[in-house]
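The following block contains the structure, expressed as structure tokens.
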Amino acid sequence: MTNHIADFANSDVIWVMGGNPAENHPCAFKWVTKAMEKGAKLIVVDPRVTRSASAATLYAPIRSGTNIAFMGGMIKYILENKLYQEEYVREYTNAAFLVNPKFEFNDGLFAGYNPTTKAYDKSTWTYQLDDKGVPKRDLTMSDPQCVLQLMKKHYSRYTIDTVSAITGTPKDLLEQVYKMYSETGKPDKAGAIIYAMGQTQHSVGTQNVESLALVQLLLGNVGVAGGQVAAMRGLHNVQGSTDMAALYHNLPGYLAAPTVRDQSTADYLKRVVPTTSDPKSLNWWKNYSKYIVSQLKAWFGDAATKDNDFAFNWLPKMAAGKDYSHIPLFEAMKAGDIKGFIVIGQNPAVGGPNAGMERDALAKLDWMVVSELWETETAAFWKRPGVKSADIQTEVFLLPAASWVEREGSVTNTGRWVQWRNKAIDPVGDSKPDLWIANQIMNRVRAAYKKDGGAFADPITKLDWNYGDGLPNAHVIAKEINGRATADIKDANGVVQIAAGKQVPAFASLRDDGLTTCGSWIYCGYYTDAGNMAARRDNSDPTGLYLYSGWAWNWPVNRRILYNRASVSPKGEPWDPKRAPLKWNAANATWSGDVVDGGGAPDAIYPFIMNNEGVARLFAAGLAEGPFPEHYEAWESPAQNLLSKQQNNPLAKIWESDSNKRSDASKYPIVGTTYRLSEHMQAGAMSRNLPWLVEVQPAPFVEMSEQLAAEKGIKNGDRVIVENTRGKVEMIAVVTKRIKPFNINGKAVHQVGLIWHWGYEGGSTGDSANSLTPHVGDANTTIPEYKAWLCDVRKV
Amino acid sequence: MSVSRRDFLKLGGAAAGGLLLGTGAPNVASAGGEDPKFLLHKKIGEITTICTYCAVGCGQVVGVQGGKVVNVEGDPDHPINRGTLCSKGAANWQVIYSPERVTQVQYRAPGSDKWETKSWDWTLDRIAQKIKETRDKNFIAKDKDGATVNRVEAIAYMGGAQHTNEEVYTWVKAARALGIVYLEHQARI
Amino acid sequence: MAKAMFIDTSICIGCKGCQVACKEWWNLAPTKTTQVGTYENPLDLNADNYTRIRFNEYEASGKVRWLFLKWGCLQCTNAACVDVCPTAALKKNEIGFVSLERDLCNGCGYCSQACPFNIPRMETINEFTGEAKATKCTFCQDRVTNDLTPACVKTCPSAALGFTDRDKVLATAKTRVENLKQLGYTEARVYGETELGGLGRVYVLTAPASAYGLPEKPEYPALTNLWQNIVQPFGYVAAGLTAAGLALNWFATRRAQLGNVETIKPEK
Amino acid sequence: MSSMATDLQTRARQVLVLRFTGAERVAHWVHFVAFTVLLGTGLFIYAPFLKAFAVGEAGIATRLAHRVAAIAFIAAPVFYLVFSPRDFFYSLKESFTWGKDDWGWLQNAWNYYAHGKAGTMPPQGKYNAGQKFNALTQIITFGLFVITGFVMWFGKGSVSPDVFMWSVVIHDLSVIATVLLFMLHLYLVAVHPLMRESITAMFEGTVTEEFAKEHHGKWLAEKVYRKRDK
């Protein structure tokens, strides 16, 4: 989230689309109702009337997989009715930037598409530069090559009629949504868009989210109190594990993971560090070298020296352009390329796309280590219904992990609050905290390499891994993540700023000469010599904007609202004085309120310091499939793309095989999607094993309209089969008024929604909806297309 | 961090109330008069933690009596949840002593149809041995073009969102040191 | 000072946090449920479920709405259960709830039968001997008499529940109804202000009571009235009159008998 | 002791009339005990001032006692029927057979029972009208007790609350009816100055010939003497 949860209360309009916070984040929803109590409006756009929609001021239905069309219509509406926040757009986005005249868009494809490689040559997706190398701007935003005009042209095709024919949303509701939300384009109004996997889990997921960002930027809803792009993340520390980069493409703190092109830190920095020629652009990533070197120092300690390039080559390097994410991981496993698998607190046999195929893939492993509280479907794949255990040669270790009250440490919520957990009791039975398990395994591996040697032993034997023989102290590791000085750090006059061994107070003090360590630069400041900031418990709210700056710690640098510099005009005046997270006090040249992005006087720098332009991008060349989001149909769709000849995202990642066949609309005409229940958790181990939760939601089900049920002769509560080319599942039908058939370009299209929490293990068992979802990924992130695919339904 | 005894009752939620009645303001007056005061039948709690379900990050207070957790409810001082918890957070207590919970090391030999209970020592030694064997056998020092890559594609690591930050950091550090590139967690699914 | 639980159905999101928090606080055993085509479960109150959310789909003027109603003991002022309870295990507490002292309950079950809302349920301990205990929501009597809010109120994630002085609850509810009417919920109303002498639960509804499955006008049960106020007093009167008549008869007969008897007394 | 024996032999020979068979007496006393227990345990939940016996553990014990007694209560007439069927049916028939003698008894009852004046009281059968009325009430309320008792015992939850509450009301009305008669019955057999002998009939089965003559003259003549004389 750019802001945080309590900030919903500052909003005038809250738009939920591709999420269902009342269902999946109930305790966050009170801040939505708090806003509504103050007069705010709630818009919910969803294929069905959800628990969130039950509270909405305005609900509009939408067919799954058509979000960009919906948002494209919104962008067109804002631009054509001039409802954008003009000064914000002109000054704080690249709307006024002039784009390379060779850039073009034609029938669903941007300039530079290569159909053979299925990739873009992005050389024309660039700005026109002046002689100093600074992008040219037309501050009137009327030049046909300026971003705003290109955008207007791009979205001119997204008429209400077309959008309605694609999305199935009635035209009057489309207009009501557009009108209600664009009210927040006024400088003294703020709107938040809440989303979750309903936006991301599509073959166009990243573009979906970008379309939300574009709307928010046009309306001046980024960086202000009550205005945010609110990603509602699912698990209690999915934010922290993303920050700490349990991800193939990152190192902690969103540093890029090295590829084969990065043969040295110099190569690496050349590839990853953006540059700017604009003196007003702070271009924060220019500090990249400090963060990677400090991290290498944290990992390899004294063994990382200037002379060995801080042991940069001890880090593994990926093959260039190769994707190692969830889907290709299981494809590689199925191909027999992966021999050993360590899986901790995750259950892909239920949660993975095309789960049947992923379960089969597990059998190709030589060994698998599962650390869990429960015997999950993944841990027990070798004895699942329909397989012969004797045929499966995988050696499986199931390690009993400690629960959340049996260990201590910090977790990071979706609003980036890093909060400390205290230990209440010793682990039950023989269970052990994950830190203990990691330490025990690594100590043994290290001892073996020290004793016997082995392939490239240095990164293992020389790893800075001195956590003792027992349970590592979480506070010690927290301090390592925060970072310390390896020697006295002096200023120009020789005065010691940070003494050797002291904690680094903030990432501004990090260095690329080896004098500092820091496990994750964005967490620098969370455990300083002043103590454990994550354990702070001051819940006062002096600004009245629900910032709670004294509660726990917010990365980065306890900043509660990201890009908050955009909440004031270039002159330093808040867009809305009644809800200003930042105030510039000209008299003593200081900021008060939240921790300001950047620093210095208001007009000294541009507000979006993480972009090398210094402003937000309405034209975003970084994305794989184009600088403007464009509607494409899902890989499996019952409809023709009405906007271009490109039926699907031309860059979507597709693994088509016998175990991942495409379901054709002629045979499988119903749109399928998956979602969760408030009473259950993800792949279910944490809820299906709790009898109280099983009691309140005992079985998986499929929701469908009364019309579809009538067509298929299904009555409420009947057992039905939902199937497609990848599998079939049997569930209870919930026939409801809350879903209606969609009118898609004159044709009635049905949609069903499946609950995906269930599997074959634990206190409550049932079929897994993910047996039906495809191995198809978004072009940028390879996030699987869980939310829009095809199927058919019949009564058992 | 533990809260002081004097805040004990407060943690039970005297401060919670309906939205329209004003969150945060104490709104329960004392029970007086003739009617009996009923004894609290269990301890509310004084150890604070964060809920283990979604990413809202609600505060919880944990009541421990005789070394056992007897109660888990919302932390009323927590600025986001203000003492509230959804059905999952409210059921969290059932995780701890669940009969379904795995509390001993389980091992499944190749081709076997059952689990066997094993000691930690045996298991950790064997896992370490498997990691080393697999890594040594499949380590890629240079790619086919001769560029240094120092990676292992034969071992994959998955998970993280159930860890604390310190745990996931430690595992990531270990995984990268081992040369693992198939590194993934729940962010995508 | 009487208190009340405030239940704003326009804010409730039906998450069932209250159901589970209640089970957690009271350590109630899970019951076996099945999916029959609804989000609602358990489908009825029982000895191990004191509260539950009732789900209703309501379509009016082309708009489909999903209504959630937190259900459980309404803590009536004119509480039939209290009147029929022979052991005073059920009592109207001055805080405004009907308390239940489990130790006093002898399991007669009259409360469960007299309740106009069918709330109290019997926990059968021995089917043959009839050993049982009444169960129901008591607003978490141990919590509320110790300055805490009921477990369900405390846990309510959307803050649809509140617990405070009844006057304040009523005033808030009325303001809220006015507010909702302005927002277009023309059928918004307060439920519980006067019903059965005033309920301990005060609801803000956004649709007719029937759309939530609530009785429009709940009534004190006529049979309870007949039994408690007519039959039982009649029993005392009849027994008293009979006893008096027999005493009278004894004196009359004794006198008649003495008239025929000569009693000889021994010498002193 | 020997002088006593001598005295007895010198005294006039007393004639006793067998009024109740052993089975009848057993049935009566089982019924009596069961009824008393039922009444006592029932009263605990009827009368608030007795609630100390009804609460908690005590309540559970009295509830159990009530149910055990209920079984005995049902068992008594069954026992009667099984071990003394002829008397059972005779008594049953008598209870439902009302004639002018019963009218006569009713007309003279007050004078007789309050002032000891026999007046025009006709000779009575084995049961006089008062006893018949008592028996009838017992028979009817027995049925009501059993039906409503079973509803309350086993029907909770499976019958509608209205049926249950009607059962409670009817059970209580039956209690009231039987208690009033029980009071009268106890009074007559144990307290009433003229009727003390009737209690020995239930203990020993016999009454003196004089008592039988006075109170059940018709029965004595038709059922006892005639049988003896045969």
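Chains: A, B, C and D, in written order; residue numbering restarts at 1 for each.
By definition in this document, contacts are C-beta pairs under 8 Å (C-beta built on N, C-alpha and C of every residue); 3 or more make two chains touch, one makes a residue touch a chain.
What you are looking at is a predicted structure, and each value in this text was computed from that prediction instead of being measured.
Undergrad: Looking at chain pairs A-B and A-C, which one is connected by more C-beta pairs in contact?
TA: Counting C-beta pairs in contact, A-B comes out ahead.
Undergrad: If you average the CA atoms of chain A and of chain B, how far apart do the two points sit, in angstrom?
TA: Taking the mean C-alpha position of each chain, the two centres sit 21 Å apart.
Undergrad: Compute the distance, rounded to whole Å, between the mean C-alpha positions of chain A and chain D.
TA: 86
Undergrad: At what distance in angstrom does the C-alpha mean of chain C lie from that of chain A?
TA: Those two chain centres are 48 Å apart.
Undergrad: So, what's the distance in Å between the C-alpha centres of chain D and chain C?
TA: Roughly 42 Å, centre to centre.
Undergrad: For chain B, which residues are shared contacts with two or more other chains?
TA: 19-20, 23, 72, 81-82, 84-89, 91
Undergrad: Touching two or more other chains, which residues of chain A qualify?
TA: 26-27, 30, 33-34, 678-679, 691-693, 696
Undergrad: Run through the chains and report each pair that touches.
TA: Once each pair is checked, the touching ones are A-B, A-C, B-C, C-D.
Undergrad: What residues of chain C sit close enough to touch chain D in their complex?
TA: Contacts found on chain C: 86-89, 103-110, 112-115, 118, 122, 129-131, 221, 223-224, 226-227, 231-232, 234-235, 238-239, 242-243, 246, 249-250, 252-254, 256-257, 260.
Undergrad: Using the touch definition from the top, list the residues of chain C that touch chain A in their complex.
TA: Interface residues on the chain C side: 10-11, 13-17, 19-20, 23-24, 30-39, 41-42, 57, 59, 63-68, 157-160, 183.
Undergrad: Considering the complex alone, what residue numbers of chain A touch chain C?
TA: 22-23, 26-27, 29-30, 33-34, 49, 51-55, 57, 59, 677-679, 691-701, 716-718, 732-738, 740
Undergrad: So in the complex, the part of chain C that touches chain B is made up of which residues?
TA: Touch residues, chain C against chain B: 1, 3, 6, 8, 11, 15-17, 19-21, 23-25, 27, 91, 93-95, 99, 101, 141-149, 151, 153-165, 168-169, 172, 175-176.
Undergrad: Show me the residue ranges of chain B that touch chain C in the complex, using the header's touch definition.
TA: These residues of chain B touch chain C: 9, 12-14, 16-21, 23, 27-42, 44, 71-74, 76, 81-91, 93.
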